[in-house]
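One chain, chain A, links the two complexes that follow: it is found with chain B in the first and with chain C in the second.
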Partner chain A sequence: MRQPTSIRKRLFYQLAAVAAVLSLAFVLVVRGVASQAAEGTQDDILAASATAIADSLSSEQGEVTLELPYSALSMLGTINEDRVFYRVTVNNETLTGYADLPVTNAPTRLDTPAFSTEIYRGDEVRLTSILRRVSNSATGSKVVVTVAQTRSGLAAITQRITVTATGVGLLFFLLATTLSLLAATSALRPLSRMTGAVTRRGPSDLRPVTEDTPAELAPLVGALNSFMARLRSSLTRTEDLITEAAHRVRTPLATVRTQAEVTHRKLNKPEHKQAIRDMIRAIDESSRSAGQILDHAMVTFRADSLALDPLDLAALITETCDRLAPTADLKDIALLRKLPDGPVPFKGDGIMLQAALHNILDNAIKYSPEDSDITVRIEVNSALHLSITDQGRGFGDMDFESLTTRYARGANVGDVVGSGLGLTIADEVARAHGGRLELSHNKEGQGACVSLILPYV
Partner chain B sequence: MRVAYFALRLITALSMWAGAASGFEIEDRQIYNAASESSVLRIISTADRAVFEPIIFAFQQANPGISVDYTITGTTDLMKAIYEENAAFDLAISSAMDLQTKLANDGFARSYLPTNAASLPDWAIWRDQLFAFTQEPAVMVVSDTYFSQGAAPQTRDALIALLRANPEKFRGRIGTYDVRRSGFGYLMATQDSRTSETFWRLMEVMGRLDAQLYCCSGEMIADVASGKLALAYNVLGSYAASELATTDGFQIVELTDFVNVMLRTVLIPSNATNVDDAQAMVDFLTALRTRPDLVAASGLPPVDATALQDNPALRPIRFGPGLLVFLDQLKESKFLRSWENSIVQETP
Partner chain C sequence: MRYLLIEDNLKLAGAVVERLQLDGHAVDHADRLDAATACMDVADYDLILLDIMLPDGDGRDFLQRQRRAEKRTPVIVITARSAVSDRISLLDLGADDYITKPFDFAELEARCRAVLRRQGGAADNQKTFEGTILNLTTGELQFGDSSTNLRNRELRLLEVFFAAPGQVFSKSHLIDRMFSFSDEASENAIEVYVARLRKRLEGSGARIETVRGLGYRMIAA
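So, the complex of A and B:
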């Protein structure tokens, strides 16, 4: 998988690269300028020396002669300890100095120093030559004064400047990269602030993002907000649809059922009565199915954004038992509650837990014979065990796994009406709360035991 | 120097060199064997054995196992040996700063940074090739016969005035170096001429008084001490000082207008083979100041910047390409001509 690209890293690398290029340019420019300046200085001193020597040329009895000035050479020794060579030629004959000193760049114009760089006596030397005319005869003599100096002082200066410039450049680079790191971080701060604001939200918080957004992020935030608004209205519509649908389907079915019962009473022919009974059963099944499907949809919907409200399980159980009491009474079934004294606090979605409990109790009543007991128990240890035990037909040897799948009904149902979603709903509620549904046999005889095991969050 | 004294030795030395074609003249050669020899350090030097022997012994004591092969020659011959004949030496010690400078400038010296370089004044090292280890002023020595204690002139101008006022008294009784024969004399004369115009007036006056010309400080000092000379100008101060310890009859005068200070230098020739020992000797010599016993025994005043600060008249001759100027053929011949015109007035 490709590593996600980081804007911060990219920004940092680009700024660092720019800083590196600038630092390098700085070092090269400083070095170039400095070494040029140093070379220029050496050339100037060499030219001054050659000029001083040329100025002390004279003619004596028709011969060119020279009174080498002390300062002409000593001035070359003032700024460094480089080796010095000189040569004076008259009409290409060496008058004095180092006869083997090469003069490759011979000056052609009077008093205009010509420079060149050569290797002489094993060292690189800078040479300056000056051309003079000395009027010792009718034609005059062409005198070339050459002064040369090695360049180790120059190299030392350039080296020193390079080291300093490199140090400064490196420092600049480090400073610039540190600053670009800070800049990248600060430029992206609004983004991380917004990320924080969004991630801190609860699962069902779909309010628009109102944090300060930089101009660049405004379109994104706008799009996000409008998306959330649409999502919110779509979710609201779904919720409305579920409650509405339950109501809209059940009410007409109830009306049809009442009508069918009235009709049933009026009819006399047994085959007609049977037909109406079949119809009533079908209506019951449809009504049951519609209710369970919508309950299931509601549970699924709520599981997506589970609410963790503090609630009292004991109160919840009492309420559910009370609601089912009339149905139980019809069959003379006693609903026994073995609950701890006082409230049983728990954090979860009350509506979902009620749906789960309702379905389990409904099953217990449905699949129990008349005149039996149903026990609701709460045991608290590391998790919360809520079990409902009946004395009915029990699960027999049915596969527990398959009973919790959607629309699965057991072989033991007989003519009991049902859609096969009850345990599915209870199972999903348990899972949404991080727990599970456990099916077992009544340990004290005939019957089934269904438990919700819910961990504390 | 001291040619007669070493005449006998010269013969032995030459016989040892027999077969080796060497154009430079050797005055003396002595080999100081180490008890258990591990290497030989070959030194060519202008310093007499009497001066240098204590240093060699001390060096051998500090570095046992090094035998020292010590060859004595004149300044020009030393230059010739290394510059022209590529003679094999590990160390060259000379009082001729200009010639030593030329050797270093022209690429005949090897670079080295002495271990005690930091404690040496800047002017004592040039190019990391030339190392000064003594500072020796050029002084005037005067005879007790002619000058009572402290009565000698203290400046060149005073000296000129004195000589002009008493030509009969000083005729034939003034000595100085024959700069044509002595490298040290030439160096001092050229530096004098550079420093002040009084030099030429002094030469003029000395020439008129039939100045006696010498090759060496030792003979001049001897003649002053014996009263044969009234004064000798530009004598090597270190010789005069060590001579004064054993000889009476003369005084040393450091003129107060200026005193040129010559630096005795050592360099490692570029063709040296025993570089390690040569470097050890350079370290030893440049640390001479830390060995008062050797200073006393050799009579060589060590490089000492504070001594120069105390007396502003002392002017150490600066290393640098300027020293090459008076080695220029044209310049030298012109200088010698002027000098001869001044001092050798009645050429026979």
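So, the complex of A and C:
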């Protein structure tokens, strides 16, 4: 698999590479300049020394003589412990000094020092030779003064400078790398801010991104926003289509169901009656599922921009219970309300809470046996506990967690019609309000207890 | 009871009318709002069943006009919209209740009864047999000085007997009248409810008799 590229890493690596190249160049240049300067200094001293020796040449009775000036050699001795060699030749005959000192760079012009680097007695030496013409008798003698010095001092200086330069270069590299890391991070901060703003959103929050964005990101944000607008309009269209389809189907379904009821009444044979009964159940099932799917879509939609309206939970419960009482009445089920006296103020989305309550109660009625009680309670402590307890078949051994997943149904639902969305809707409503749905067993006997736990905002 | 059904889908309307007539109700049908208004001018209805989408207008406007005109005939809206927000707005407009298509007639009847009870109307919606009075709206059973309130299923069962005293009803017919289609009912359940009714009727002029092999009937005690 290809690793995703990171702009931050790339930016950092590129900046670091540039810093490395610059550091290396710095070290090389400093070393080059330094060793050149050191060489130049040695050459100057060598030339001065050779010149001083040459200046001490004199001519006596046609013979070239030399009074070797001590200073000429001592000025060379200042550098480290380098050894110094010299040689003076008169017409290619060694006058004094080391006779085997090579003079490969015999100068051709007078008083102009010539330089070369040789290996002498196992060491690298720097040589300077100058040519003098010492006049005696008729012809002048050609005198070559050669001074040589080993280069260990020079190497030491060069090395010292190299070490220092490398240190400085390394320091520069580290500093530049750190700065480039900071720069890469700070340059990408608007991007991560924007990413955060988009990531923190709910799954269907499709409002445009309004965070401040740098000019470079504006086209991206623009493209993102226009994409989200298109997605939103397409979602809205789909939602409208689903709602519309659900509505269109309901009237013919109602016709079929009513005719089926009439037919059922007129038929006598049990097997015919059973067939009609099955048909009616199938119609009820599809109608109920359609309703719950729409409720679920509505809850998901509203959860993203949760309305926090002040409302009275007690009134909301009373209203929903009143609404469902005739349905419960059909099975002689009593909806008991244990509510505190007076209003229970709460801030939330009334429509969502009603959908949650309606679905929980509808479930409870469906799974309750005839002649039983369903109790709706509100308990107020640090949070609001809204619990609905029935005397039905309960949750059995089902995993409570899995019951709130979409389309999951209990293992003991038997023949009861259902889509498995009821508790999911309630769970999502609770979570949208920062609360949770709690499933437990009825503590006072058989049955289930579903609680919405809603924290005060 | 007398219903006015306002519904433009003729197939559905026909089926609803037939279904309500099976339970012994009188039903007039109007397929447009102007026809509905005409009906209301000449007759008094106990209840109006109102569809929302009609060819000559919105049922909600009709509802509002009714409420502004202080006409208190209860209205139950038959809606194809199941969303909570749609339901809430219907109640705000003055509907007494609503029912979502497709609907169960037992539930519709239960809702009608609840609406009428709330309104305190239809006090005369009662049947008498041998001095025993059964109020079909409130489920109140009266004889002599005693008065009890029947539960829903008891009422639905006794209603059948009161509609045709002396007639024998088979267990399966009684099951159809008493249980919803989602309930799994057995013939034993009927025996349980008949036993309860017998207890309720103790001391009254009516009693329920078992007709071996055929079913039950209500006769004078």
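Note that the second predicted complex is superposed on the first by the 244 of 457 C-alpha atoms of A that agree within 3 Å, B and C clash if a C-alpha of one lies under 4 Å from a C-alpha of the other, contacts with A are read in each partner's own complex, and residues count from 1 in each chain.
As a convention for this text, contacts are C-beta pairs under 8 Å (C-beta built on N, C-alpha and C of every residue); 3 or more make two chains touch, one makes a residue touch a chain.
If you're wondering where the values come from, they're calculated on a predicted model, not measured in any experiment.
J.: Using the superposition on chain A described above, determine whether A:84 touches chain B (first), chain C (second), both, or neither.
T.: first
J.: After superposing on the shared chain, does chain C or chain B touch more chain A residues?
T.: C
J.: Touch test for A:390: chain B only (first), chain C only (second), both, or neither?
T.: Neither partner.
J.: Have a look at where A:370 lands relative to chain B and chain C in the superposition and call it first, second, both or neither.
T.: Once the two structures are laid over each other on A, A:370 reaches chain C alone.
J.: Of the two partner chains, chain B (first) and chain C (second), which one does A:427 touch, if any: first, second, both, or neither?
T.: The answer is neither, since A:427 touches no partner chain.
J.: Quick check for you: in the superposed arrangement, does A:96 touch first (chain B), second (chain C), both or neither?
T.: It touches chain B, and chain C stays clear.
J.: Thinking of the overlay built on chain A, is A:349 touched by chain B (first), by chain C (second), by both, or by neither?
T.: After superposition on chain A, A:349 lies in contact with neither partner.
J.: Do chain B and chain C land on any of the same chain A residues, and which?
T.: The overlap between the chain B and chain C interfaces on chain A is empty, containing no residue.
J.: Using the touch rule from the top, collect the residues of chain A that touch chain B in their complex.
T.: 65-74, 76-78, 81, 83-85, 95-97, 121-123
J.: Within their complex, state which residues of chain B touch chain A.
T.: These residues of chain B touch chain A: 104-107, 126-127, 194, 318-322, 324-326, 328-331, 334.
J.: Note which residues of chain C are touching chain A in the complex, please.
T.: These residues of chain C touch chain A: 9, 11-12, 15-16, 18-19, 22, 78, 80-85, 88, 97, 100-107, 110-111, 113-114, 151-153, 172, 176, 180-184.
J.: Provide the residue numbers of chain A that touch chain C in the complex, in ascending order.
T.: The touching residues are 243, 246-248, 250-259, 261-262, 264-265, 270, 273, 277, 280-281, 283-284, 287, 290-291, 294-295, 298, 323, 325-327, 329-332, 351, 354-355, 358, 366, 370-371, 415-417.
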